[in-house]
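The following pair of complexes shares a single chain, chain A, combined with chain B in the former and chain C in the latter.
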Partner chain A sequence: MSTAVGVKEILGKNLAIDADSNLVNLSDWNEEIAKELAKEEGINELTEKHFQVINYMRKVFSETGDAPSIRKLTKDSGVDTKEFYELFPKGPAKKAARIAGLPKPKGCI
Partner chain B sequence: MLEDKNYEPIRKVSIIISKGSLEGVYPGLIMANGARMEGIEANLFFTFFGMEAIINKKMDRLKVATVGNPAMHMPTIIGSIPGMSALATHMMSKEMEKIDIPPVREFIEMIHDAGCNIYACKASVDMFHLKKENFCAQVDEVITVGEFYEKSAGANIIFT
Partner chain C sequence: MKNLLILGAGTAGTMMLNKMHKALLPDKWRITIVDNVETHYYQPGFLFIPFGIYTEKDVVKPKKDFFPEGVNVINTEIWKVLPEFNKVHLASGIILDYDLLIIATGSRIAPEETEGLTGKLWKKDIFDFYTLDGAKALAEKLKNWEGGKLVINITEMPIKCPVAPLEFAFLADAFFEDKGIREKVHIQYVTPLAEAFTKHKSAEILGHYLEDKGIELVAEFNTGRIDNDGKKLVSWDEREVEFDLLVTVPTNKGADYIETSGLGDELNFVPTDKHTLQATGHENIFVIGDASNIPTSKAGSVAHFESEILKENIIHYINAEPLKAKFDGHANCFIESGHGKAFLIDFNYDVEPLPGNFPFAHLGPFKLLKETKMNHLGKLMFKWAYWNLLLKGKELPMGSDMSLKGKILDEKFKDIFITDKQQLSKLSGE
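Here is the complex of A and B:
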């Protein structure tokens, strides 16, 4: 879990955020908040495919304490590398983690 | 971020892989993949023995060098025993698998799917008498050094 450095108002709630302005508490997140975070990342609509990735990332994070690598994600989530990059253009792993209400991924792959 | 000095972020990289050992190839692959993960435009250019990583018949059999590398902390006479390189390769591959670094072929596919362009060097292709069909399907083109510079417009060039 990352350290809170500030708060951010999303949908009328003040939520703790870390230095990368990612959410700090897993429990603060819900699908409506994900949609707001996605808009900030330039993704105007979150489709079922987006949520497939997001929910998989949250599941792995709750089990391991880190977001999955792209390799693991594209093997297990049902979304392949090309799709993943199309769903979350320009910095997919970091973006997807942010929208999923998770800290920035720690891995290199 | 502690201090924001307003540096221009890196937007594009051209990575050259010139060595054909396992440890010679991976740093460039990891950097290319990492660039795409960060939304940085990336080109990968394979030259000289670096091309081993994209030659269909060779890319699954790259080895760690056990001689000529003082950081292996292995006397040359031990490193030269038949099978030592295979053993070191096996051990390194196992460690890489643990941290989710894929084998070369899978990594090249992943990097290409991530939108990185992959090129082979014309001079090296001619020197080793190779043809486009000797390479894996992810190789987009065989290009000259001049074309490499053209494609690298606006990029940081990284030589490995």
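Here is the complex of A and C:
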């Protein structure tokens, strides 16, 4: 879990955020919060497909402690790479993680 | 008689073979190594081939020259590991039993993973330099190439030797300058990462070199396909980069048998404990080098630092003791920057690359995060050390764990560079 560096007010609640402005506590997240975070990322409406990705990412995170790679996600979540980029344009892995209330993916070394 | 089986006789497998051959009693352990290729490639040297600095003879030797006497060598393809039965099936039909298995089959490029990459332009206007054939074909191409749009592209991470494409860009800049056609070559560095270096602190200190050398950075570009007719890269989000000559680092994957055996992740890398190097869920399987999924660079230096740790842990395992040796993620890379100069970076899981001096017995010190001639000489001398010391499992004048000796650690850097404060006090106490 990432370290809190501040708080952010979303829907009247003060939620802990990390240096990347991602939520710190998994339990602070809900679908309404996700919609607010999505707006900040320029996505005005979260569809069922969006939530299919988000829920899959949260599941993997709770099992492994890191968000899945794009390759793993597009292999297992039922959303293919093309679709994933359409759902979360420009930097989908980072964007989807943020909307899912997860820290920025550790990614690659 | 017990069986130690090593899969893969590349850098990591050969080092482990030599170390375990010395460490294990010959009347108690039979050691077998399996690899389908009989030539050992000095892969760090591939980078120099396109520019005519090295040729094939600099980078190949027979693998058998590095095998100790008395080990069993099998030259065949691996088909499948059956961990629940402690057996490995080979493509030739032979079945091998093991008490202890070391997976060291590395990573390979998989250009077939990207649509259009191996199309009609492959080896005509599109080249890789991660294989000997690719590097040689590119050398031929560069001899007569008169300029245009040169694009260096990393398809997706992780890749083996993450600094190699950057070194390629620097060497290309110098190569075309020396040829007197630099102004006719537009160089673009196209990467899925947010910046040129995988380590953010290196990017902060060294990032301006790209600009100084007139190399354009195209960041966060995730290559979706290659348009052969339009001669352009197209990203998954439909951005386009045109090229006349494309130097690609394709997707990297672990060996196919890893997938067949159900031992790998989505890229066939084996989930591995990053400190003990034991395969997740298999206590008598250990993984070394590029084949694992541990979060450090896929590089020969890493395999070298891992090899001492792994030897110790294998001995612990045999003696039914806890696996006390812990790998710290130590990586050490010379980065060629052209015109006979290079940088050196040194880091581990918790400590980002730091500036300062890197102590090295007899030769050093080398300057960290600075462009010097000495670093370049270090890189060239490393070839000798690789063939004569490293592969044979002999000691190099540096330890496995990263050391902070010589690194500049004033207050400013402490805050910037050390991601784990406990790690700092542990390392400084050396």
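In this text, the second predicted complex is superposed on the first by the 108 of 109 C-alpha atoms of A that agree within 3 Å, B and C clash if a C-alpha of one lies under 4 Å from a C-alpha of the other, contacts with A are read in each partner's own complex, and residues count from 1 in each chain.
Definition applied: a contact is a pair of C-beta atoms (placed from the backbone, for glycine too) under 8 Å apart; a residue touches a chain by one contact, two chains touch by 3 or more.
Computed from a prediction, not measured in an experiment: that's the story for all the values here.
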(request) Scan A:Lys39 for contacts with chain B and chain C and give back first, second, both or neither. (result) neither
(request) Mind working out whether A:Lys90 is in touch with chain B, chain C, both or neither, as first, second, both or neither? (result) both
(request) Quick one: classify A:Ala19 as touching chain B (first), chain C (second), both or neither. (result) first
(message) By the touch definition at the top of the document, which applies to A:Asp80: first (chain B), second (chain C), both, or neither?
(response) first
(message) After the superposition on A, what does A:Lys106 contact: first (chain B), second (chain C), both or neither?
(response) second
(request) Have a look at where A:Arg71 lands relative to chain B and chain C in the superposition and call it first, second, both or neither. (result) both
(message) Per the definitions at the top, what is the overlap between the chain A residues touching chain B and those touching chain C?
(response) 69-72, 81-82, 85, 89-92, 107-109
(request) Write out the stretch or stretches of chain A touching chain C in their complex. (result) 69-72, 75, 81-82, 84-85, 89-92, 106-109
(message) Considering only the defined contacts, which chain A positions touch chain B in the complex?
(response) 19, 69-72, 74, 80-82, 85, 89-94, 107-109
(request) Give every residue of chain B touching chain A within the complex, in rising order. (result) 1, 30, 33-34, 36-39, 99-102, 106, 109-110, 113-115
(message) Show me the residue ranges of chain C that touch chain A in the complex, using the header's touch definition.
(response) 156-158, 162, 193, 198-199, 220, 222, 224, 236-237, 265-267, 295-297
